[in-house]
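Single-structure report; data block below.
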């Protein structure tokens, strides 16, 4: 146990740094190629002249100007905030309701058989197809947009919560019963916590789904939000604004995904060790 | 309990589940009817009665609405979905498999993929118009964008999720890396791959409705959006429900394929 | 033996499962009495119904017929008087070791102060005091099994039911755990019903060994272990000629049943 | 011993892993020679590097330093001359038993007719002739392990590497498989390197037992088994005093290492 | 609760409008303080399209507003929206553009016949488009290629179609550009395209006084535009800027002069005169297109609000 390795220490150090740098180079090569292709297409082949594409620099510049120069009355952060509010409202309601429904589906089969047919048909209607009806019911405004988000977020929350409960080790449930817990307290104290990782995955899918649905809704309803930035770029025949909007949507979408993962951490601390290395 | 008795019991249990489902569905439809035609609580402009929707559906199968009958619109949407889904598969499947199999490919591709992935397919619409004009190509492009993500991710996970020990066993039996992939890893990955195809099809179907903003002259999404501008909620609901029902059909169909192809798995036994 | 108190009694207990392929009889009628202080092993070929019998005893599975009497009264519901230790540990992954061990006490309304004391004491007994706040995934297999054991014995069950409790451990850890459980059972005067595949384990730990026939399981033979081997360490015990000969006798009975199906 | 042919030779083979938490030395330099006809057991506490050493021998893992010589020549690539049998069987789930066993022959370009003949013969040897067309999931654990074994021995490897091949089997099936593998190894004159946790198994099957220290694994002691127990059945062997005493000696060496980490 | 009930009381009025020149007079009335003058206190709410306006009115999001005639006809038909009168006429700025190279020295009919023209279908553009095709005798031969209004210019410059229907400011690319040629417009095709003032039934019936004030203010703004075209153009540029659209003063001028902005009295005269027949022509076309299921009752859109318009005229006169 006290034996040390024969290898001299510097060798170890080199071994560890080189692969890291190699990996970094590989990882960035993809992105570099992408940006380079974009830049060449836009500036060298002059696609930006025809209004078909904007160069990466122009998009960057547009992103910067949008942060202080308002578009349709709002700056970029303003639009992002508007989108975020709608998304937040729809997401919060859908997540709360979805988790409850999912847990109930898994735990009370009768309840499940009663609601399943309706749920199954409705969940396959794309959020986008709900937009017209949502506008009719709630008027073309905040509520309709939040509703579309709700529609997009609900199914993955329900399905994953249900799946989470079902995939809890049967023996864990048995153990709880043997130790004197009732069915209800088994659900609350054991099953729900153990199902959280899967259930939270549902929320995470919901984050993305809701965000995407909202962008669709903003193309049709309202005159603020990041979706509207794109639309407005399209109206002014300005690819730079369109691309700036897309970049903002993508970056924020990715950040939100990370955010939810981060916030979910305390709930799944107990299996952190298992999580490392997951893609 | 004898065998016969037990079969009866099982049938009874199934019948009970089905009838609870049917009863609740009928109850929901009844509630819908009561609040519309029945008691007139809700204006038909907000929610048309089920009867009106059904009549409209029948009428739709025979008479043109916006230049085509139901079948015409249906096929218009289906065509775009089929092409987009297929193109996405041709791109996404090999890419995902390569990412799952080679660490190097994964390192190069995944940052790009992660960068583009969060952009909703719908947000590509303006660029799609600029790049492809208003024809089928633009719609196919948007549908492809939406379907390529699950194709890639599931192919990746399918390959990466195959027991590492299998690859080791194969190599220790003298198989070179590529043959290990073809002989051992891919066959074991098939169910997950089909699962990816299913999700991709779902995404494609969901997106086609939005893609029909792009110069479509037919399609169920086109119908729904047009019905909106003339305040015709009954035709809107017909289109929506059809879109939903077809989604169920696709999904369940591919799920059956998935089940059949995983015959060698324990769960299917 | 009859002067000892009967803790658990099976009277003509049998069980059939209805499966896609028809009816499977897992257990032929079983008559068996577990007395206070017994450490009984159930051995038999795979699939002969050992786990099924244990689950019936726990109240987690209903018998198709016959009666199970716990302390003389018919029982059906699972309850903390008959705790189960499973092969796959079945620890609550979201709770720390303390949370796991304390769970049954909380569910049966034991006040907090008493709970804390009993958990502390039990963790000491299984040698997990230092890991009171660890999560199951942070423990080795042997430690997980200790925690599962602690979770059950903290309830002071009338009968402790164990289904291949060491099946998931490596051979070395298993030996160490066998010695520990022998000590704890002796210290607490536990009544235990143990399902195992290892004849060696059965001979080492138990005073009675029930060999079941191949499916449908019926009691083929009951062996009484006259020497209490568990006072020795496993390897000491194995060095005794009496140990080896009993082990061979039981194994031959089991082997007969295994080969009868193959 | 030195007049026998050296099939596999480790010279100062050591291994470190670079993990998030820094460098983990799994194996201290190991010197070991495996001769033609050897049946060597590697035993030692969990995590001491047994599997790592085996993977290096198979060429599936690169050593951090030192040389591995196969038949006197340095080797790196995995190959069918050093087949591995894994604990979790690692059968190809999409192929039938025949497909699995035939796989290595196909990969090394053995013509179809010969392939068929060798598969038939090998399946007969492991008693799976009747299950040639079954899929792995349709087999019991013992049968799966037989198939995995057949898949390796059909290649007539110079050295058969086995990593806890019976770890996933129940105690009873394990005993039966131990007897079978002893017979097959004898019949074919196999050279085997076996990782196991069970000292009993090591004593029963092997002619040399290598005890490794706790991590980083180094060779603590090598025991030579003078009697060939594997000519007897397991229970017969265990009845012999010499068996028990060697088992205890080895076990004490292992136990020392286990307790040194706890 | 009645259809279109906003819950506003007293002098508070919510106005729905679209961020296009169509609604410019409403915005202008606010700027110029006409609403205040007439004793109402307004809040402006923007909607992206006529369809959205109509849906919003139905759900009680606004009291008064204005919209194109197709949604106005739908709304009056479906939920009894009250239409006091026409707010502007814009046939002349629904322009069919072509590529100069295509049309140079050729009969437009031969170029258009069998080709595709970019149009926002089922809209007033579509109506003007059909008028133009009739004019050249190629109705039925030339196919409309459906596009959202904002995408027409991009698609046409990108090479789609033989022609494109646009209106300002989306046609900035084409105006004074030698590569493109103004082939036809709604006015040349003899089509009149009206925008209408709109009131929810609840507002018109229960709060008539405020409704009259709103209508009166809107026409006051029209009179201002007619009287001060230059200042109005500056204000239109500002209006556009507030709505995220960049437009030059020239474009604004074109827009303002291309439209006619009737005063209240002129609107009343139209309403009593040719408005009905113009709208009937439009509805027939829309029924043929399949956009309207059955022919809407035009009188509902012309006569029901006239009383309010008359009151507005009366007040202006006094």
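Order as written gives the chain letters A, B, C, D and E; numbering starts at 1 within each chain.
As a convention for this text, contacts are C-beta pairs under 8 Å (C-beta built on N, C-alpha and C of every residue); 3 or more make two chains touch, one makes a residue touch a chain.
Since the model is a prediction, treat every value here as computed from it, not as a measurement.
Relative to the C-alpha centre of chain D, the farthest chain centre belongs to E.
Top contact pair of chains, counted by C-beta pairs, is A-B.
Placing every chain at the mean of its C-alpha atoms, the farthest one from chain C is found to be E. Centroid to centroid, with C-alpha atoms defining each point, chain C and chain D lie 32 Å apart.
Separation between the centroids of chain A and chain D, computed from CA atoms only, is 47 Å. The distance from the centre of chain B to the centre of chain E, each centre being the mean of the chain's C-alpha atoms, comes to 40 Å. For this pair, chain A with chain B, the centres built from the Cα atoms lie 19 Å apart.
Each of residues 55, 58, 151, 154, 158 in chain E touches at least two other chains. Counting partner chains per residue, chain A has residues 51-52, 135-137, 231, 234 touching two or more of them.
Of all residues in chain C, those touching chain D in their complex are 45-46, 140, 167, 170-173, 175-176, 196-201, 235, 238-239, 244-245, 247-248, 251-252, 254-255, 258.
Here chain B touches chain A in the complex through residues 16-18, 20-25, 28, 45-47, 104, 107-112, 114-127, 129-131, 156-157, 160, 202, 205-207, 209-210, 213, 221, 224-225, 227-228, 231, 233, 236-237, 239-241, 243-248, 251, going by the rule given at the top. Across the complex, chain E meets chain B through its residues 3, 49-51, 54-55, 58, 71, 74-75, 78-79, 118, 121-122, 145-148, 151, 154-155, 158-160, 290-293. On the side of chain D, the complex with chain B involves touching residues 55, 58-60, 78-80, 82-84, 86, 88, 90-95, 103-104, 107-108, 135-138, 151-152, 155.
Residue ranges of chain A in contact with chain E, taken from their complex: 50-52, 71-73, 135-141, 220-223, 231-232, 234-237.
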